[in-house]
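Below are two complexes that have chain A in common, paired first with chain B and then with chain C.
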Partner chain A sequence: MNRREFAKLMGVSAVALSGIPLGITRAAGQTKGGTLNTIIQPEPPILVTALNQQQPTLTLGGKIYESLLRYSPDLKPMPGIAQSWEVSPDGLTYTFKLFPGITFHDGKPLTSEDVAFSMTKMLPETHARARAIYSRIDKAETPDPLTVIFKMKAPFAPFLTALDCTTGPIVPKHIYDGSDFRKNPANAQAIGSGPFKLKEWVKGSHVHLVRHEGYYRKDEPYLDEVIYRIIPDAASRSLALEQGKIQLTQWNDIEFYDVVRLSKLPNYEMTTKGYEYFAPHQWLELNNRVKPMDDKRFRQAIAHALDLKSMAQRVYFGMPKIATGPVSSKTRFYEKDVKRYDYSLEKAKALLDEMGLKPGADGKRVTLKYLIPPYGEVYQRAGEFIRQTLGRVGIDIQLENTDVGGWADKFSNWDYEMTGNLVYQYGDPALGVSRTYISSNIKKGILFSNTAGYSNPEVDKLFDEAASATDDTRRQELYSKVQKILVEDVPVIWMFEAAYPTFIDKRLKNVTSTGVGVHESFSSVSFG
Partner chain B sequence: MSTLKSFLRHPTGMIGLFVLLAVVILAVSAPWLFPDDPWDMVGAPFQPPLSEGLWLGSDMLGRDVAAGIAHGARISLIIGVISTLTSLIIGVTIGATAGYFGGKVDEVMMRITELFQTIPGFILAILLVATLGPKISNVIFAIGIVSWPPLARLTRAEFMRLRGREFVQAAVCQGQRPLTVVLRRILPNAISPIIVTGSLAVASAILIESALSFMGLGDPNLMSWGFMIGAARTVIRQAWWMSVFPGLAILLTVLAINLVGEGLNDTLNPRISRKR
Partner chain C sequence: MTSASINSGGRVFAVALALAGWFVKFVAVVLVIATFNFILVHAAPGDPAQVIAGQSGASDEKLLAQLRAEYGLDKPYPIQLANYLKRVVTLDLGYSYRQQRTVASLILERLPATLLLTATAFTLALLSGIILGTLAGVRAGKWSDTLLTIVSLLLYATPVFWLGLMLVLLFSVQLDWLPAFGYVTIGVPMTTLQRMGDIGMHLILPAVSLAAVYLAIYTRLMRSSVLDVTHQDFIKTAKAKGLKQGRIIIRHILRNAMLPIVTVAGMQAGALVGGAVVIETVFAWPGLGRLIYDALLQRDYPVLLGVFLVMSVIVIALNLLTDTIYRVIDPRVSVRAAS
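Our next item is the complex of A and B:
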């Protein structure tokens, strides 16, 4: 981008800010036109979400690639490119009817062939999370261009929750079929069917998306352009927001310590909604192989000794909600009626005494190491907080610093005692929760597996049964049971349902209208 | 004695000495002044200075900034002194060997010294701490490793100057062993400039430690001034006191050590000293 272009862009955003209706017309109660300026950081390596699933790629690619379904904030399926769907009573056959008239950005029509190709050929090869789910598809049938039928190998109820744009982006078969997916020259152009298409990507500066004129939904998209600016420095991002140069921030764009100050800006609304599908769950991971953490009473004592309320206030500036168990309250089949570990140093001490862990002359009962996750200041503060609070009951914590590679290596190879962990839940316990606790997922060298080494045959059985049950009431019953067992055993100390601040210009509508939030297509987003 | 008298008459040196003594007293008395662990969250977060019980305010977790400064003084001084001793041991040994024996030994020793001099000190310190792990012993070691070359070169120059003097040659002729000659004859006569440079090295060691802690490479279990500033950086717009007071502490301590070092230089150097 040269200086003149930049000045032009700034001019456009200034006009948008001052609210002069420049070429903006009202249609269907929503205003058409306008440019949305926002942030992307760090810069994504590629925009094809089928090939890369890092957060910036998904945020940008969500505008370019769509999937069969969308999800409401309470994770009910809503029409995506499929206008209706049907599940056979045995849970083995899924039939989707596509909207007519969907086209890719290169003008070619999107048909059931593209859907079948994406979900059974390309994604299982390029997308690890999709592979785990879509490899359960036995075969895909395409009786006509608007109908696609998936026959499953065995019933797998979470399938209907795994068709969002981050898991199942639909790619054009005519471009990718028979090619080396990762080396396809069309990857640079990122051709999808979403409401916005790539106009220009100036590396290190911005990604410019413009309206896809052939979009199938009437009047949508409302916005003319979306410009993602690459701003690597946190202070500059806050400043851009303060100066009104951008109308939207997402995920970690704004650091926690700036949230309180920036929430007072009159032009923006700060919300933590729009992350329901991911429901990032945060906990204190305890290596269950290391004594005395192999004893349930010791883990319970830690759960009693951690003052989570104060931690949420002091470390996270009051942002997150306190977690009650392994399943986030935003994820399906959450059970709130579980054992609660109230903050009580007496109960913690009593449990430790009962175990026979008496304090020594220096008041210390045991010394354990806490490996600080190397993802910034906040994790450092969290480590310091945990050390101080556990010190009060005689559990001495030694903090250890490391770099990103070192952390992943030590953590995944079980060479740690305690550390912090944060895992997405993807709407269904079978997709994002069970992996942390089932013994078949104790896999050395793999992050976000059952790294704690917890093993309970009953838990394994319940999770297994719940994943293949087709009836929601039955699934709720099984998941409630497993949640109660897990909360009693506390294999890890669940701390928070992590919250991310999304700052939205008050004139913008529908940004966080779905559970996928800022990763969503933005086809219904408008100024006013 | 005359050196001491001369130092007592040195105005800036005395100012430095007083401030340094104050810091030392603060460091020594920290456990009595602030008996609680400086990491303890004793108050509400972000309390401004002069709040109840919190003279210098509290940080984002509600920790007492004043307690942090007092306990941090211990760490800064300990690291400053021990790492300087480390570099003195390395530097003087290498410099003395090179200067005394000369020839091939000198060649080899000086090439090694130059090798270390060509690597930027702070970067090497970062590299060492990052590789060995952020522990206090490693931090001391890293600072020692990066700050010995000037001491070695200085010692070598002094030794080469003194090596040819009659009293040294007399000692050699009497059959005294090299170690005795070095330690009993040459070193006492070469010690003044080494003391001066060493005292200034303490100041730079404190600065290096603060910079490492600021970057998050300090020992995470020890409260230090650099760590306090590093943690305060992100919230500087909400809580200026979190970075200003530890910053002042570093400034005053380093300034005091430099003043003392300069005072020592003036008094130990006979040419300047006699002019007074």
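Our next item is the complex of A and C:
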């Protein structure tokens, strides 16, 4: 007896239970049609990515809002709504040519005016990360509806790497101009120009996107619909995957302990690709203001004492790559030739002894508190592992639990000793790396600033120079130098280049074809 | 017993007086609860601005200042509290800036799903609990009693999320009889009747899981209550009168044994409105419990306070209902005593 027969037995008409018809028709090349069922969790508060940049908002909003450029997995710019672009030799003028015929979901055309408005008016007002980048634009010119020219105040090399859909979503000027952006009633409808538009959002249940018929790319999007189901429980999400109710998972949808088991499912391919642009970098954050963590030798001792290889295996089931320094190997200007801290309890103990930090009668040299980041079960396990492994050299760790509000409050106000941190790099050290180490970014109350309180004038100078240098060879030189200094100083203990398991139904094509991966527009995704 | 001596006009007056007194108490209790909620909610570390920053991977002073101004968090606490109480008195639940919706609309949207789930589970638990408890009670010491006792203790000791997952594994994964999660099939056109049937099929597993624990409580309670009553003198009298066993159980034992159940059920009915967070999470049921849980994690104060307020009103109303049911079941409880 199956569900249909059981329903009949129960006297319920089985019509509704026959499953979602895929309605696929085969066109030239790629298959047209079909419904992609996937997961979104936690539920985003709104879908306007210009106003809210929480990860689920960006995943969903990436289908609704597009930006000037897309990026290949090795972070080369590719056409987004801009079909071509030019940079002047002095690095001060950027000219973008838009594709013709782009329309918003309300039918109005998208022009250079909308691009200029979004990037110089709205985003600098509403989007913290975009503000730091686009406020460097001196002025935007729109000589014709398909051309937009940005004149920079000063050369800023990573500008061309900061035009993805999570940083620079283009919003309709005719809806937002002159309004209170955050209170605009149109926010509920989330009008963008992306391949999918919002049809229905049943809070707590699902978000239903349908194809934008006026999409400018020929034959795209291939899918008819994308349904994001809100499934808050990890076990239920794994079950949904096993039962084939969904065709795609992303980010933390599947817990690490389920990955090995679910990877054996015949209908899915598991990949960790598609996160290159974000390159989430994971580290053990040490409050450099708290003794003895102000001593470089203590931090180096921790780097030697942490058994990262076992941790990657035991806690993360072999998924992540061990980080070698502040820059991810996936990010531009990565330097691999830096000092390595091999796992050695002897070296760690020697460093601690040298500091005069001798073990007491109970074998403990020092007791420190570790604030467990509240981002899922795996962080609890990671905390327990860190306590175990540091305990072996006499560093006693006490674990503290909290929720996101509590963590953000304590961490950003420097009311912590150790915690875990995970920060996106956004393709360029000037966008996602320097903020953690430069002195000018030591800001109380602000998350993802230089919360450790590390300060080194030489590091400040190198990062500063590298951000404005326009020549890539010169930038590499400066970034290599700063990476070497930082690895010697270990302001934080870099642990992993975080990996996320993306399960993709084998019929699906092009899901992780860009470096922005699951945040991408999905205009080229198709069933077969 | 004074009710016999009061004429009918006096009785109406007594009821009106009781109602008025009850209303004054109701308003006072609601205001105290609202104040207490406000203090409690704001005592949690962090605020919505910090949470948004923490989940966005980027933050700066301007973002925090903007969000705090928007949420009204830049004003001192006493003013925020005064503004909130003013809204409570005018029955305005407020506005969730985070979700850009009024709190009332957010609650109304979730309430039907929660009520459907909890009312079904509650009814199921109460009815089966009374029946099974009575069966166990009148057959105390026999093997059927032992079996019922073991089963109800097992259910009582089973974590509800685990039971839910096991039911899903059995009925959704192994047998494929019932849907594993959600409240309705998405993306399929349906007639109203089909839709009701579809929701009903989605309802079975979460309702049974939620009912299980309560079922165990009611069974245990009913059993001991029935045992208690069975040994009273009036039951012996009824037996001596030669009444049939079935009539004794229904007319005499049940009616008297029900009182403790009504007390406990009345208290638990209130908790059911907001107490299904775990089941709603396991089964992705779009109810109020998850709205509260999410709002708590997000420090979405207006939603939290709004839901708390609605729930406290419902709990108070259910208490009134419980009192009324008492009076119906047990005429010895008078209006005056109950008020």
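Quick note on the criterion: the second predicted complex is superposed on the first by the 499 of 528 C-alpha atoms of A that agree within 3 Å, B and C clash if a C-alpha of one lies under 4 Å from a C-alpha of the other, contacts with A are read in each partner's own complex, and residues count from 1 in each chain.
Operating definition for what follows: a contact is a pair of C-beta atoms (placed from the backbone, for glycine too) under 8 Å apart; a residue touches a chain by one contact, two chains touch by 3 or more.
Please read these numbers as outputs of a predicted model, since none were measured by experiment.
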{"item": "Touched partner set for A:D403, first chain B, second chain C, both or neither", "value": "both"}
{"item": "Contacts of A:V423 with chain B and chain C, given as first, second, both or neither", "value": "second"}
{"item": "Which of chain B and chain C A:R387 touches, first, second, both or neither", "value": "first"}
{"item": "Touched partner set for A:T473, first chain B, second chain C, both or neither", "value": "neither"}
{"item": "Most chain A residues touched (candidates chain B, chain C)", "value": "C"}
{"item": "Chain B and chain C footprints on chain A, overlapping residues", "value": "402-403"}
{"item": "Chain B-facing residues of chain A, complex", "value": "255, 257, 260-261, 310, 313-315, 372, 377, 380-381, 383-385, 387-388, 391, 398-403"}
{"item": "In the complex with chain A, residue positions of chain C that touch it", "value": "44-48, 50-64, 66, 70, 97-101, 106, 109-110, 113, 161, 165, 168-169, 172-173, 175-188, 190, 193-195, 197-198, 200-201, 281-287, 290-291, 294, 296-299"}
{"item": "Chain B residues touching chain A - in the complex, by the definition given at the top", "value": "37, 39-41, 45, 60-62, 130, 133-134, 216-217, 220-221, 231, 234-235, 237-238"}
{"item": "Contact footprint of chain C on chain A as seen in their complex", "value": "1-3, 6-7, 10-13, 15-18, 20-21, 35, 42-43, 45-46, 52-55, 126, 128-129, 131-132, 182-183, 187-188, 202-206, 208, 225, 227, 229-233, 235-236, 239-240, 242-243, 245, 402-410, 412, 423-424, 443, 445-449"}
